[in-house]
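In structure tokens below, several structures.
What follows is a pair of complexes built around chain A, which joins chain B in one and chain C in the other.
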Partner chain A sequence: MALLTLSRSSVGLPGRNLLLTLPALLLVVFFFLLPVAILLSRSVTEPTLGLHNYVELLGSPTYLKIFYNTFLVSSLVTIISLLIGFPVAWALAIMPRGLSSVVFAILLLSMWTNLLARTYAWMVLLQRTGVINKTLMGLGIIDQPLQLVNNLVGVTIGMTYIMVPFIVIPLHGVIRKIDPAILQAAALCGASRWQALRMVLIPLARPGIFSGALMVFVMSLGYFVTPALLGGTANMMLAELIAQFVQSLLNWGMGGAAALVLLSVTMALYILQVRLFGAKG
Partner chain B sequence: MLLNFDSLGSWRWVLTIIVVMVAAFLLLPIVFIAALSFGSSQWLIFPPPGWTTKWYHDLFADPSWLKAAWTSLRIAVAVSFLSVLIGLVASFGLVRGSFPGRAFLRGLFITPMILPVVVLAVAIYAFFLRIGLNGTVAGFVIAHLVVALPFSILALTTALEEFDRSIEDAAVLCGASPFEAKLRITLPSISHGLFAAAIFSFLTSWDEVVLAIFMASPTLQTLPVKIWSTLRQDLTPVIAAASTLLICLTIILMLIAAAVKKGLKK
Partner chain C sequence: MKLAKHLKTGAAVLALGLAATAAQAEEMVFTSWGGQTQDLQKQHWAEPFTAATGIAVAHDGPTDYGKLQVMVESGNVTWDLVDVEADFAAKAGNDGLLEPIDFSIVDRSQLDPRFVTDYSVGSFSYAFVLGYDVNAYQADQPKDWSALFDLEKYPGKRSLYKWSGPGVLEAALLADGVAPEDLYPLDLDRAFAKLDTIKSEIIWWSTGAQSQQLLASGEVSIGQFWCGRVFLLQATGTDVGISWEQNLTSADSLVVPKGSKNKEAAMKFIALATSAEAQASFAVDSGNSPINVNSAALMPAEYAEKLPENFSDLGVDLDLAYWAANRDEIGARWYAWQAE
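Moving on, here comes the complex of A and B:
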């Protein structure tokens, strides 16, 4: 042991391990912290020093509508993903192995498929003459094609599709760790299936439900690609607004202010998540 | 009861039906795209009136698609290599070191993954405007490296923490130099972490679209940017062909990953 300690300490200076993190640190400082800090600072310096950008952003009905859209879509996506994701995660945890591995492969395939390819598929599926409208009309459920793209309905469908795996995979891990004996005990004590679900299984799965929901909500708030393609220009969300300020309007002050709003909400929710469930959530 | 599939009674069927429907929902767009890429209808009518490989011919006849794919590949390979290298070195420092602020640094390195990518895209775009890196391969590599590095650091710190360091010490006791011990004992032992880091970094860069949209120039664009700008004009079936090829690539990567995982278990 003495020899070992000797060899470890003789390898280098005490700061050697700190030095090893230097390349990563330089990258993060110069190409992450610095650019973000510059962008945010422009929100209070352009066009003139002060908080005008924030006053305009939080005071105008146009922008408030965009905040509302973002919040609405993110909430809907989170709730629908949970409603779909919970039974699937539950079933995956208890189904025969062969079957559950097939479903798992499908989940991973959908998650790993290029985002634009998936969004393109929904653009085609949901268009006026698309398969969904044709099927519904063929079945006689509707007689006019529904408007499913270029509005928030399309965005919600497309984003739910993307987010479901992010609920199912972690939640499945949480449910699998629950001891089946606890539910047997509930049954022995006379609980019906509904009671056992409501009073035992869901409360035990709650950490997984909350952390998954929070993660999906945070991801949805800042989503850019799917809302931009499925939502059309009239139904903007926050990420598109930031892009528009910078790309089309060249208004860096407002862009920085909108970025700060998005960033603060994201960070606050992330810190809440870490506080509640630990860093692994 | 509720956690035993066989004693679920009628609920068993309800759950099975839900799972089948969700699986169908997840598969639907992927299968649909693949079918449409062979459909003869310019307007993406389904079921297609006939079958054709025209869209694949169009795709390969247009040099800008191949050029974009080649650009993406070069960038993704560079990002993957640098991300594993920088991530490995940093992970050694984070896991083996005992300097103050270690937990803080670790958190800092993961942050780009949590931050909404559009904020980073706008920030980097503005920064690159000043230093002239927009529309350059180096610019793409740096920007993608920022978002890929967290995956490497997560995969490699986990792998290094699971690795029993006394094995490396044993090699040193047997006469290996510390560097040789790391190279010949530690690295092979954490190969699954290295592999995961490489593949996640590759995919992060290969599929990345938001940073790329901002940084792309008319002469240098990645494959996702090419798809994006085509999509904004119309829903041509050529994109279905390109998407189908991307889906095939995903399946191949998944099979490789599964094979590697299986090989590790043996």
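Moving on, here comes the complex of A and C:
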């Protein structure tokens, strides 16, 4: 069956199909490619022609640290979201249908709540005088409030909270299709629970894991609101730097240069992922 | 609220005179910072303006200087009137991004001259003041900016405005002993060195709402805030204090981007928004100060006595022309220092 669909689409009418996609292609070119190209061209033309914006960006320890912060937080958020999202997606798949729709609705509800409101809520929870610190101090577990906000810890917590649904949804779609009988078969063949998870379930869920992780990682790289509110200035992330260049300093040259570096690294990671796992995914 | 209504009617009557020439269904776009400020601008300025002139006002936001610049450069200007910070207004005027204000429509004689240029007029003014948690410093209440830098006498986190602009650097220099008349040109090395001494204790606020949250929850004990935000906290019964010593007065400005298609409507809007009545009613509700010199007389005493202009003998004027000329250079250094 799969073979049949494949061959049918490959012997279809390419010319006509292409024509049908033309409006969408034009949209992409005019609203996505062109603006990006203009912004990037400003990075080598402003204030004068040349690569000085890139020299300044990559030659400054301050800016390099911002790149480092961005990749560190994005990696951590991706890993933690996976560690939380995988069990949730699995639980959703094996729950009774009624319960799983309730849990799914809760997840979606959190996504639909205003982002700013959710981020402010975390600020109130995490601050030194916040609920978490007050509770821990009241229980005598700590005597000094933990520094949970205005640093990368706060950013990581806040962003993970936002990103978990983006892992759960694609992963759930993949896991749901895995036949539970396969796991029974693994058990019958003598696999321990751990072996069944590691050798059967995870490999089968791999496409969902990679697409979810890639989406979360790339979204995290360019995330603005949460780092701006939960992070401190001493550990800024890249989107904030770009916003400063463009909105506050009107320095489109540096803003464009930072955007291109971010874009290149993201593309490189994407290509790497496709190379490494694309065949299996 | 009766008063606000009364003032609004007054503003509407004034606008009626301006409207005589206004033709059929026009529309203009007013852009501001969103949140409470823009809600009140809509209520006290835009709605009476539409009632009086028939010109509909669409609201957009938040203000974004990058967007404004791109609109003007590309010739596709969709914002007719924008609320910006005064230092940006001065710079954008110099850079040719703005239409000159038509002072045959806007009555310049009534406006506080500190906040008027050929390309901008004040929108509302405010003072950066020292705000603090009264209970944190029972024995000795802080008085001036030196308290911000005195970690021994006034321990605790401090909060300062995150974005580059007039205010924080001036406070650092005043605290370091620079006389108000010698502030400009700013000694940036000295200011940043002074800020270095408290850098690890600073929690930056980026929006007015955030500054209130930080101070009210006790997350910070002291800081530099917009006076209106501290008033609003006091009004809700929070135990916060204000010191007017060395208050730094600045303003927002109304500007018309160059190439606006509804320039004339925008000028009429400015005329209404800066009228004594509209400025007074906006100030009463927002905790900011009017930029029309005749507004104070229209405000109830309990509001009028809290206006920064009553404390101008304690205050220090910010040099907005200096900021307009040096904004980019200071901004680049400011953000690099913050990120270090």
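Points to keep in mind about this one:
Following the convention adopted for this analysis, the second predicted complex is superposed on the first by the 229 of 281 C-alpha atoms of A that agree within 3 Å, B and C clash if a C-alpha of one lies under 4 Å from a C-alpha of the other, contacts with A are read in each partner's own complex, and residues count from 1 in each chain.
The rule we apply is simple: a residue touches a chain if its C-beta (ideal position, glycine included) is under 8 Å from a C-beta of that chain, and two chains touch if they have at least 3 such contacts.
Keep in mind it's a predicted model, so treat the numbers as computed, not measured.
Shared-chain residue A:N150: touches chain C; no touch with chain B.
In the superposed model, A:L249 makes contact with chain C only, not with chain B.
Of the two partner chains placed around the shared chain by superposition, neither chain B nor chain C is touched by A:L83.
When the two complexes are overlaid on their common chain A, residue A:L64 makes contact with neither chain B nor chain C.
Counting the residues of chain A that each partner touches, chain B and chain C differ, and the larger count belongs to B.
By the touch criterion defined above, A:I202 lies against neither chain B nor chain C after alignment on the C-alpha atoms of chain A. Using the contact criterion defined above for the overlaid structures, shared-chain residue A:Y120 touches chain B and also reaches chain C. Of the two partner chains, both chain B and chain C are touched by A:T129. When the two structures are aligned on the shared chain, A:L221 is found in touch with chain B, with no touch to chain C. Look at A:L229: by the touch rule set out above, it reaches both chain B and chain C.
Common to the chain B and chain C interfaces on chain A are residues 120, 123-124, 127, 129-130, 229, 246-247, 252, 255.
The touching residues of chain A, when paired with chain B in their complex, are 3-4, 7-8, 11, 14-21, 23-25, 27-28, 31-32, 34-36, 38-39, 42, 84, 87-88, 90-96, 102-103, 105-110, 112-118, 120-125, 127, 129-131, 134, 161, 164-165, 175, 178, 180, 183-184, 186-187, 193, 196-197, 200-201, 218, 221-225, 229, 239, 242-243, 246-247, 252, 255, 259, 262-263, 266-267, 270, 279. Chain B meets chain A in the complex at residues 1-5, 8-9, 11, 15-16, 18-19, 22-23, 25-30, 32-33, 36, 43-46, 86-87, 89-90, 92-94, 96-99, 105, 107-109, 111-112, 114-127, 142-143, 145-146, 149, 153, 169, 172-173, 178, 203, 207, 209-210, 214, 224, 227-228, 231, 235, 239-240, 242-243, 246-247, 250-251, 253-254. For chain C in complex with chain A, the residues that touch the partner chain are 64-67, 69, 157, 162-164, 199, 203-204, 206, 210, 213, 217-219, 328, 331-332, 335-336, 338-340. Across the complex, chain A meets chain C through its residues 60, 62-63, 65-66, 120, 123-124, 127-130, 150, 228-229, 232-234, 236, 241, 244, 246-252, 255.
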